[in-house]
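Note that subunit A is present in both complexes that follow, paired respectively with subunit B and with subunit C.
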Partner chain A sequence: MAGLLLGGFYAAVSLGVSLIFGLLDIANIAQPAFLIAGSYAAYVANSAYGFDPILVGIALTPLFYVIGAGVYRVYYATFERRGDEALRGLVFFFGLLFIIEVSLSMRFGVDYRMAQAGYVGKSIDLGGGVGVAYRYLVPCLVGLAMTLALYLFLGRTFYGRAIMAVSQDQGALRLMGANPVHIKTIAFGIGIAAASLAGALLITIAPVIPSTDRDYIGRMFAITVLGGMGSIGGTLVAAVILGVAESLMATFIGPSWAQAVSFGILLLALAVRPAGLFGR
Partner chain B sequence: MSQLWKRPLTWALVAAMTLSVMLAGAGVFTASAQNPIKIGFGMALTGGLSANGKPALLAVQIWKDDVNKKGGLLGRPVELVFYDDQTNPSTVPNIYTKLLDVDKVDLIISGYGTNLIAPLMPIAIERKLTVIGMFGLANNEKYQYPNYFQIQPAGPDPQTSTAIGFFELAARQNPKPQTVALVGADAEYPQNAMVGARELVKKFGFKIVYDKNYPQSTVDYTPIVRAIKATNPDIVFVASYPPDSVGMLRATQEVGLSPKIYGGGMVGLQFTSVMQSMGPMLNGVVNYDFWAPESTMLAMPGIKEFLKDYQSRAEKAGVDPLGYYLPPYSYALMQVLGQAVEGSKGLDQQKIADYIRANEFSTVVGKVKFGKNGEWAKGRTLMVQYQKIRPMANEKETIEQFRGPGKKVVLYPDELKSGAIVYPYSAAKN
Partner chain C sequence: MPRLGWSVLVGIAVIAAGVALAMLRVNPYIYFAGYVILQYVVIATAWNILGGYAGYVNFGTPAFFALGAYTAVFLIRSMTAPLPVLIVAGGLVSALLGLGIGYLTLRLRGTFFSIATLALSVVLQTVIINWEYVGGSRGISVLRPAGPPFGSYVTFLFTVMVGLAVGAVLVARFIERSWIGRGLAALRDNEEAAECMGVPTLRLKLFATTVSGFLLGVAGAPFPYYLTFVEPNSAFALDYAVNGLAMPMIGGTTSWIGPVIGAVLLGTASQVATVTISSELNLLIVGVVLVAFVVLAPEGILGLVRRLRGR
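Right, the complex of A and B next:
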């Protein structure tokens, strides 16, 4: 049960990667830094004005969308247009990761920050020793809603289909009269906005410091790859698999094995199905 | 280029520069008539430990001001020379080499924390310096360097020092609890504490029913707490770092784990910022600490004046507003050094060390006597219990309730006891 909830949260964390890395093929390793930036944004609004961190997270998504779109424009102008994207692009995002992390620690210091909400520390008892903590339930529900929203967006709307198209064949898209750079900017912005909202979920679950992002780099990319590059449904399934595996191991075998096993699952899955569970 | 040297203006410039260098030199000579005693150190002012390094620096500066107000040491004013070590051990050798060779400091102290003291040890040993460490765990175990001293009151046996009070308190309760769950993070300090805890469990005749480690990157602690709950232990000992302390405590509340006594070695609960955000969830937890604003601790000479000074300056410096963890000990460290300089009547490193070894010091944290490996001769890690913490509406109000006594009651050691334990754990929660 706890694993399912954790899975919902992991899905929220990984959606942005799935979109940017999976569909656009941009190895944005600064993604977890935006996650933490989202956490701090929620923290500021929460501690100063007492707003609910998750509502703040939702309210701030347009801002992060704009930031994300801006980042992509810079990246496009300096790297992608020149065809340098693979290695140098990685360096660009690596630098961005450090800049965000260091700026956060200069502005907020290195103390652990937490958010307060009415439901933190409370839980519903389902009987039989199984309970559900609101601290996990709320992020899980938001994560599921995000997954559903993104799934519908990509499948049903013009821009969503254009994003899918850009990942398949940019040239063809151009022939159809759509500008792939414009489409990619939108997708990148959405990816960053998703990360910032997931950051707001994160700070309701656990305390955050600027370097927390490093704990999530591995998980984010593992889930994306396991789910199949760019598959939104696959991301959710992979996130739940990882969450449940971590949780079961921690309860029954020993917490120190939890992460080894989830990454073991990743290796195994890749050996059997190199494209990921739902890869195309 | 050769044209340049023929111009009179160039020569005038060179002459002016030479003159100013000579004047500056003369300035040094006139200053040496005053001849301040220079104390040098590196301190974590940025990076991972800066949240504690900055308050420590403020405490040292307060000591300097206090001493200079009273006429300095040996009749000479005291001056501090310090650099930011960025919480990065690799900066430490350069900082101290510069302090000793370029700045020509007379005395040194260490920066804050075990990892920043470690790279200082070889330098101190090679140059035969006397050095007092600020909160280092077992830094001198390997070297057994006689002129090293350490101000954290862990005592001669650091491995069991964290947990001893916890298990002794548990053993005193009636009826005596029987079963123990041990859980700790996969990291150096928690693992040391776990080794010590296992030793103590054996000594007091408890039975271990759960003994596991978890990786620090764990996000969800409820499965761990649920597994502990399934073993139904009387005692839960947790050795954790700040993020996992918070995670464990929240999960304990959510899962409804309710042993008879809970806590022990949780790092982070001492910090003002964590206490503020955890609030009433802390109630009932019995945990190690070094200082609490309780009557027994405030009875020590000079501590009230120090804290008043600290708290009035902390806001301006933007550091921990209460200063109840490290600052009193940082100030005490300087008191020991100051008293040793006065007592040995000079700045001879060896004589200062001999004096520190031979004498007992009266400080704001009480009487300090050093023993084996330069640690306190007798350990004095406190066990405190969080009691009667109320939920508060805003941040400022929450700090206020931790300023005074009654929230962190000292239970151990007996001579500093300031109140009674609320037992079992669940009784303190409401």
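Right, the complex of A and C next:
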């Protein structure tokens, strides 16, 4: 049960990677840093003014959208246009991850930070000693809503379809009169915004320190690869699989091994079936 | 190969200079900091054999380094093995891991390979955290052997690191100048084309990952004696991953001298920054310098020098 709820949250965490890495094919390993940045943004608003962390997360998505769009513009101008994005682009994002993480730990220190909200700590009793804590339920529901929203956006709207198109054939898109760079900027911005919102969910579930981002690198990429690179439905299924696998591992063997699960799944998925469960 | 003779002579001269410096017994901090910088020369050189020559970006540097360190811890605990044995054993175990990730390159290229190495590092750290014999998550203290040469053990380790650094650079230089380096460069530029031209890509990649792993393990093996306390967070520190790739990138990845320049510059700068400002600001500087170089001077310092000369 806890695993299923965790899965909904993991889906929220991985949507951005699915979009940026799966569809745009940009290896943004700085994604977890934006996740943590979102957590800290929610933390600041929560501890200073008492706002609900998740509402703050939603309110801040436009800001992170702009940041993400800016990052993509820099990335495009310096790497993609020159055509050497593979190696140096990867290093660029790695450096970015590092800068964000260290900046956060210099600003906030390495103490665990936690957000407060009315529902944190309460739970619904399902009877028979089984309860569902709101702090897991709410992020899970928000995660599911985000997944559905992104699914509908990609399938139904003009820009969503354009993002799908840019992942398949840039040249053709250009011939249709759309600017691939413009479309990719939008998609990258949405990906970063999704990560920041997931960060707000994260800080309601568990305390956060700046180096928490490292725990999520593996999870994000494991889910994206397992789900089949850019398939939104696949991302959700893979997130639930990982969530269940981790909570089983934590219950039966020990919480310190839970970390290894995601990376183990990732290595296995990469070695056995790189196209993922729902790959094209 | 007549040129190799000269480089070996230069290497011996550097080692002799290192020993002479050790005999001078200047301020002990010099040896302490010098060890770290030399350690980064080995790490950067080792990373560059795979990342610079073959074009496979390894984010798992801490895994190899820590594997070398923990192999040493294991051998110290079980049989108090002498330092040379530790270094060779640490290198060999890491080389084995390198061979393993070499086979991974059969299926994984580019980004996927990099992410897999990052994953490897975390999995290995989890294993170490749960392995009580080598200290688990609490860490373990190591006693240095008594009666080291040059008065203090850190000074002795400094001279050992001088030797290891010279060795690593000679290996890298040899690889670069031989047909192996040319083969690696070919597969870096276009793996399919290289394969079609008859370059044994798999064997070359296995060679590069193994040698790179070996040298990273060698860099890690004296680490327990250096700090006398080993715990997973310091052995698997992200610093090694970021420095390991920042130094070659800043120096220039195409030549053996690039990582050396990068390691000496960045290593010295971070030693100074750690003492005068703070260790966290130092990491921030490394990150900013790395991003700045990748964006503004993708060929590193070597590329800048070449551009200036070209005019």
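Assorted remarks:
Methods note: the second predicted complex is superposed on the first by the 256 of 280 C-alpha atoms of A that agree within 3 Å, B and C clash if a C-alpha of one lies under 4 Å from a C-alpha of the other, contacts with A are read in each partner's own complex, and residues count from 1 in each chain.
The rule we apply is simple: a residue touches a chain if its C-beta (ideal position, glycine included) is under 8 Å from a C-beta of that chain, and two chains touch if they have at least 3 such contacts.
Fair warning: this is a prediction, and the values are worked out from it, not measured in the lab.
Contacts of A:107 after superposition: neither subunit B nor subunit C is touched. By the touch criterion defined above, A:94 lies against subunit C but remains apart from subunit B after alignment on the C-alpha atoms of chain A. Within the superposed three-chain model, A:78 lies in touch with subunit C and out of touch with subunit B [touch as defined at top].
Applying the stated contact rule after C-alpha superposition, one finds that A:2 touches subunit B and leaves subunit C untouched. In the superposition on chain A, no contact is made by A:182 with either subunit B or subunit C. Contact with neither subunit B nor subunit C is seen for A:174 once the two complexes are overlaid on the shared chain. Once the two complexes are overlaid on the shared chain, A:136 sits against subunit B while remaining clear of subunit C. Shared-chain residue A:254: touches subunit B and subunit C both.
Residues common to the contacts of subunit A with subunit B and with subunit C across the two structures: 105, 254, 256, 259. Taken together, the subunit A residues at the contact with subunit B in this complex read 2-3, 5-6, 9, 47, 105, 109-114, 116, 120-123, 125, 129, 131, 133, 135-136, 205-207, 209, 212, 215, 243, 246-248, 250-252, 254-256, 258-259. Residues 21, 27, 29, 74, 78, 82, 84, 86-88, 90-92, 94-96, 98-99, 102-103, 105-106, 211, 214, 217-218, 221-222, 225, 254, 256-257, 259-260, 263-264, 266-267, 270-271, 274 of subunit A touch subunit C in their complex. Here subunit B touches subunit A in the complex through residues 46-48, 50-51, 186, 212-215, 217-220, 222-224, 226-227, 229-230, 242-243, 246-247, 250-251, 253-256, 268, 271, 273-274, 277, 281, 395, going by the rule given at the top.
In the complex of the two chains, the subunit C residues touching subunit A come out as 51, 55, 57, 59, 104, 107-108, 110-112, 114-116, 118-120, 122-123, 126-127, 129-130, 137, 238, 241-242, 245-246, 249, 280-281, 283-284, 286-288, 290-291, 294-295, 298.
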